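Next come two complexes, and both contain chain A; in the first it sits with chain B, in the second with chain C.
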Partner chain A sequence: MNSILDLILRLDCWLLLAPLLPGIINKVKAWVAGRRGPPVLQLYYDLARLWKKGVVMSTLASPAFVVLPAVTWVAVLGAAMLLPLGPLGAGLSFRGDALLLLYLLALGRFCTAWAAMETGSAFEGMGTVREVSYAVLAEAAMIAAVLSLSVQSGSISLAAMLAPAMGASAALLAAGLFIVLLAENCRVPFDDPATHLELTMIHEVMVLDHSGPPLAVILHGAAMKLLLFTVLLVQAVLPMAHLKPLLAAAVLAGGVLAVTVAVGLVESLLARFAFRRVPLLLTTAFLLCLFALLVAWKGGLP
Partner chain B sequence: MSASTPFALLANATSMPWAEVPAWPVAGFIDATAAELSRGARLCAMFGVPAGAGVQLVAVLAFDTDSILAVGSSTPCSGTFPSLTARHAQAHLFEREIWEQHGLTPDGHPWLKPVRRTAGNAPANGEFFRVAGGEIHEVAVGPVHAGIIEPGHFRFQCAGEEVLHLEIALGYQHRGIEEALSGGPHRATLIQMETIAGDTTLAHATAHATLMEALAASEAPLRAQWLRAIALELERLANHTGDLGALANDVAFLPTASACGKLRGDFLNLTSLLCGNRFGRGLVQPGGCRHDLEPARAAEMLDRLAPVLADTAQAIGWLWDSASVRARFENVGTVSAAQASEIGLVGPAARACGLVRDVRYDHASGWHRFAQAPVTVWPGGDVFARARVRSLEIQRCGEFLGEQLKAPPAGGLRGELAPAAPTRWPWRSSRAGGAKCATWP
Partner chain C sequence: MSGQLLVAAIISLGLAVVAGVWWPRVWLGLTLAGAVAALGAAVGVFATGAEWEWKSAILLGGDAVHMRLDGLSALFVVLTAVVGAAGAVYAREYWSDARYPASAPRGRAWWSGLVASMLLVVSVSNGLHFLMAWEAFAICGYFLITLDPKRPAVRAAGWLYLAASHAGTVCLFGFFALLAAKTGGWELGPRRDDAALAPLFWLALAGFGVKAGIFPLHIWLPAAHANAPSHVSAILSGVALKMGVYGIVRFSGWLPVPAAAGWVVTGLGAATALLGIAFALAQSDYKRLLAYCSVENIGIILLGLGGALLARTHGDAAWGRLALAGAMLHVWNHGAFKALLFFGAGSVLHATGTREMSRLGGLWREMPWTAGVFALGAVAVAGLPPLNGFVSEWLIYLGLFDAVAGKQAPAWAAMPAVILLALAGALALATFVKAGSMMFLGAARTKPAALAHECGGWMRGPMLALAGICLALGLAPIVVWPALASAAGAWHPAWAGAKLEAPLATLGWVQLGLAGLIGAAATLLWRKVRTNHLGRGPTWDCGYAAPTARMQYTSGSFAGLAAGWFSWILRPMRTLRRPRGYFPAAAIRLERVPDVMLEQLILPVGVRVMQVSSAVRRLQHGRLSAYILYVVAGLAALGLLVLLESMP
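After this line comes the complex of A and B, so read on.
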């Protein structure tokens, strides 16, 4: 009974808090630019508005066009359930759940890409190609990061992997994971969530033909993914397993807020990269995670 | 060089009797025009004038180094004429317009299709250019698209991330200004001119006023010309600042994008200080200006201008200081100087290709005959060069305004305008397109 209550509370937390992050990023951007900016709760209003709208379907699209965003959303939510929250542990935990987390994220991306191609638009095909080709590099970095956490802790269970302090490789991992976070969530310098220049969009163009509740699901899923990566980054760097639950929650919240503000600052102060320079940055992220792996592997030896 | 041309010579913002424009049979006219273009002239305008059952083609050429325009025409013709575009690409849009308006077919035009004609609610673009190949994908954007600029349809031919070709079909929205102008000038003409494009209100109004004055063989009083020059430079400042902000926005560089949006408003407010309207509506009229700039307000404008210019310089400086922005601007969208002169580029776009082309200098009219800012040129032809030209022009524009506001000429604001002589060129009562030719803003 207790575990069911725990799961429900956990779900509520993820579902309700996720849309806060894009709001905070936009507020930071507005603050840097000297504007007032949209309210922090703007995404909640948008979701409520989209939920009430109808769905426009292309005559070419199959029902998968509506189903796939839901699959993506469930995959991301499932991945979130696997992620332990400090001393509270994960909603679901078993040996090898780190691999499931990676595969759930990949499944989410696969479904988004498939849904984007449903309408047969060349335009969305372009966005999909970009998303998937970035993902190849971002996933390599992500796997290297998970591997280094696993080598460090000698376990492939997230609960154990995220518990110990990372020591020397923490800084390398933090930098690498931050770049992966920016790439995976389509933030500047990889993608510009604010622009609507058709030919340069990546994530925005993939969801261009979606409307109404499916679009709301996509937007909410994207916010959850951002929260997931932020929580992962904070926990991979800050050891908090042995803190008291309330203190751990405060540290986690503070860490998430700091990362979110950092994303906002990057977005405010950096121009977006040209496509041909993106692989370079993602390779850098991969190398950072790889060196974190090397440090975790050989660092302990005399 | 231009002294030996068979074309009739004419300075900018002046007029000449229609009867004095030389005319040749159409093939000879095209040959003569091509010969002038081959030796360095630039095609300003080419259009048709209905004459009886046929159409007379008219070409206006500019010899920029000699600060002189040249005019020639064909004898009335119908059916087809040999295309000039095949020899000089800069004629392509003019010939398409002639074909559309008068039904004369340019024989040998490589890509003949309408400019403004519509089919239903859409522009009658006809075939889009297609690149063949299995790797090529065609991306169609619009007319409903993600910008708040006017509706337009864009066809991209892409091979992966490389855009090989773009074709644009505009004209989904019509206010019918061109039709409304015909038979004029009437009471609404000036207002219609001002509303052709909101951010170019002063330039279009000044062009119209100068045209009317040239036809009446008169000139606005010096103080009015001075005021127009100040207003035009304020308009330039606002547009360049807005453009640089848009460039920053397109590469997602937030600091300059946000600052320039605000600073553009500051420049518009200075125009408002001048005449009570942020876009300068109602300032210029044929024969002079409607509002004066008293010494007190001129001083206030100077005071307010300095901090805005300093802020603008700082906001633009962020662009050059940011490596991520420079990486996006450099070597992107490069137009070589040779291409620029081949397609007849003008304005900041030409100056960013290293062409020394500035109508304020080459074909000075109005106040610019007495006071000139240096021509701003930057070589390279890429986005970086286009941004640099704008930023340098903002500096020089600011200096120009600083000097001019301190030294106003005395005198009245409005002169008497004699009624236009109907036989004088370039006024054509039937079609307003020719109105562009007398002045070239």
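After this line comes the complex of A and C, so read on.
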């Protein structure tokens, strides 16, 4: 009984709260620009509207085009289930689950890219190439981050890895993971989620041809992915193991909010980078995570 | 029981060599029976855990025939049997008598010969006989690659294969001869305590490394895999490369290794994985792409083996066993998905007649089965859950992570290895999104692609069977754990036993759940879309009204970004004619990635050697007077030497 309750609570957190994050980011951007901006709940309205709409599919695309967004969504949800959620702990925890999380995100990327290529559009090809190429650098940064967490805690299970404080390397890791978060969730300065129709987009251009319920699934999945990276970042940096459950939940929620606001501020204050500078920024993220790893090596558990 | 089955399998395959020339049906039956018997033999070893050994009184080359089947050999026997059987069925349609009346009978005979000789390679236990089986296997491979000798590219590839293979065999001759000299006989077997044998490991690594396709030694591999018939490419890539891996694993297990072996193998593995997949990404010929991807996978296997060697020299740490088990599972996994991908490639080649990805496109419409299984193979080879590729990489990762957590010397090898493995994984994803999308998605770029046709049942069946294996190994990996544990025990007795340091069963259940959820979510979404309304329209190209198939991304433009980071080693050759003037006419941009190691390293050296040799050859021209002068000059020189020696 308890486990069912736990599952319901966890699913609620991931499924229902995730669309809040893009809303908060947009609100922050609007405030900084001196506008009122769309309501925080805008994405919920969008999702509800899209869910009822019909679908127009490219004549070139196979039926997989419609169902691949569902695979991506399941992959992100599966990754989310592996991530501990403050006092709730992880839905499923075993040795090596950190690697499954990374590879589930990669599965999501594979499906999005495959669906984009289904349409035979030059624009979507462009987005796909950028996505899968930059992911190589992002993956290096992520694995270095996971390695440093693993060295710090002496474990490869997310629940144990995220429990202790990161110590001296926390700042380096936070900076590295924040850059990866921006890249993987197609935020400024890597991508501009506010527009589609430019030659310069990565992720947004990959989903140009989607419509109706599949688009709703994609948008919801993207929001979950953003929440996932935020939760990962907050828990990697802030020690929460010894806090009381309610306090831990409050700290986690506060941390997620802070990161979300930070994303909004970055988006308001920075312009998108030229593409030749994107690999540089991602390499910086990789180096930050690598230094975090070396610091953890020197200072971690004996 | 196992032994009798193995001998029966080899006899059955031997008969199939004869039957292949005249009776295709009998040949197929005999080959399949041989494969089933070999499979039975291996399963017997795994189930009972007993090693089979047989010393007969039959003398061959002065030595008694000695065969042995332990966990490690049995692992490779399974691989050979499965791919050998699948390829035999596939060839019935792909290389049929109707299309190739001259070479089909020959192809059948050599095929059975190849499978039989590979079974012998992994089961004989005598250096001399090993070399015989090894040579037979190499020669069968050569004749299979050159089944279609009318094309010059095929002859060149076959020649290169033969030359490289024999360069490796020279090292192996040295290895086995020195081993025999030091141990006093050709008998092979565990001699783990004889430290004097350790330096021989380098010879074995070089000799077997050529066959396995370790990075700078892989030169023969892309051309041979690309030009061979596709079922041959499948067995070359899926199984024949693994014979090299078998040699390295076998003799690093039976003999002691130098202290640096673990470091070197890990380093070679990391370089092979990363550079192999970088080359794969840049290819525009899909069979070459698959060939370079095999180089990558050999690198992944070596990473696991290197971890195991490091662990063994650092106090038998348990993580080494995980890395070794992961490497051994990857031997199977790569055999399954690479054979599947090559069969898919063969089906496309069969239907369109081109190996150039940028001339295909949109094939899913005409070839839905091939497209489906190729996509599945692509997910597996990119190491993504819930398929088998992920499981073996996960085991290797776990081993390497534990090595890092151990904070001893091996951690310094394991840390870069983990990062490079992740990089190679991400590049593999890019590579296979490219391969799949260029071949099967979008619009047809040329007429042959538009007029393609699906392959028949004889080709589809083996592909579906291999796809099933990929799925089964991904969803229930725990089933094969006893086999991996028995191989690890055969490699290093201290690691014997069924203990499992990784939650493999949990992973299996998670993958199963994931697969179920994916199926359910996909079905629900499809139904929802059908009930809402599903219309069709042209691809949205940002308002452009008349998009054409030529505006799609091509293989070169897809790879451009990531391959650019590796241009220091890929050395792409570019032809560029920019559009000029107000009314530009033709503009061209061509990019070709050469086989850098072959064309820019080996060939120039070969050319220099030829130049020096032909310069020396001028001394020999057939004029008798000059020869007499040589003799006199030689005598005078000798006399001078003697004179100088005798002076006080």
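Please note the rule applied: the second predicted complex is superposed on the first by the 296 of 302 C-alpha atoms of A that agree within 3 Å, B and C clash if a C-alpha of one lies under 4 Å from a C-alpha of the other, contacts with A are read in each partner's own complex, and residues count from 1 in each chain.
Please note the rule applied: contacts are C-beta pairs under 8 Å (C-beta built on N, C-alpha and C of every residue); 3 or more make two chains touch, one makes a residue touch a chain.
Bear in mind that the values here come from a model prediction, so they are computed numbers and not experimental data.
When the two complexes are overlaid on their common chain A, residue A:217 makes contact with chain C while staying clear of chain B.
Touch criterion met: A:69 reaches chain C, while chain B stays clear of it. Contacts of A:125 after superposition on the shared chain: both chain B and chain C are touched.
By the document's definition of touching, neither partner reaches A:45: not chain B, not chain C. Which of chain B and chain C touches more residues of chain A: that partner is C.
Residues 122-123, 125-126, 129-130, 197 of chain A are contacted both by chain B in one complex and by chain C in the other. By the touch criterion given at the top, residues 29, 32-35, 122-123, 125-126, 129-130, 188-189, 192, 194-199, 267-277 of chain A touch chain B in their complex.
On the chain B side of its complex with chain A, the touching residues are 137-141, 145-147, 154, 156, 158, 160-161, 163, 248-255, 257-259, 262, 322, 324-325, 327-328, 332. Those residues of chain A that touch chain C in the shared complex are 51-64, 66-67, 69-71, 73-75, 77-78, 92, 94-96, 99-100, 102-104, 106-107, 109-110, 113-114, 117-123, 125-126, 128-130, 132-133, 135-136, 138-140, 142-144, 147, 150-151, 154-156, 197, 208-209, 212-214, 217, 279, 293, 297. Taken together, the chain C residues at the contact with chain A in this complex read 361-362, 364-365, 368, 371, 375, 378-379, 382-385, 390, 394, 397-398, 401-402, 404-405, 407, 415, 418-419, 422-423, 425-427, 429-430, 432-433, 436-437, 441-443, 502-503, 506-507, 510, 514, 517-518, 521-526, 528-529, 532-542, 547, 549, 551-553, 557-558, 560-562, 565.
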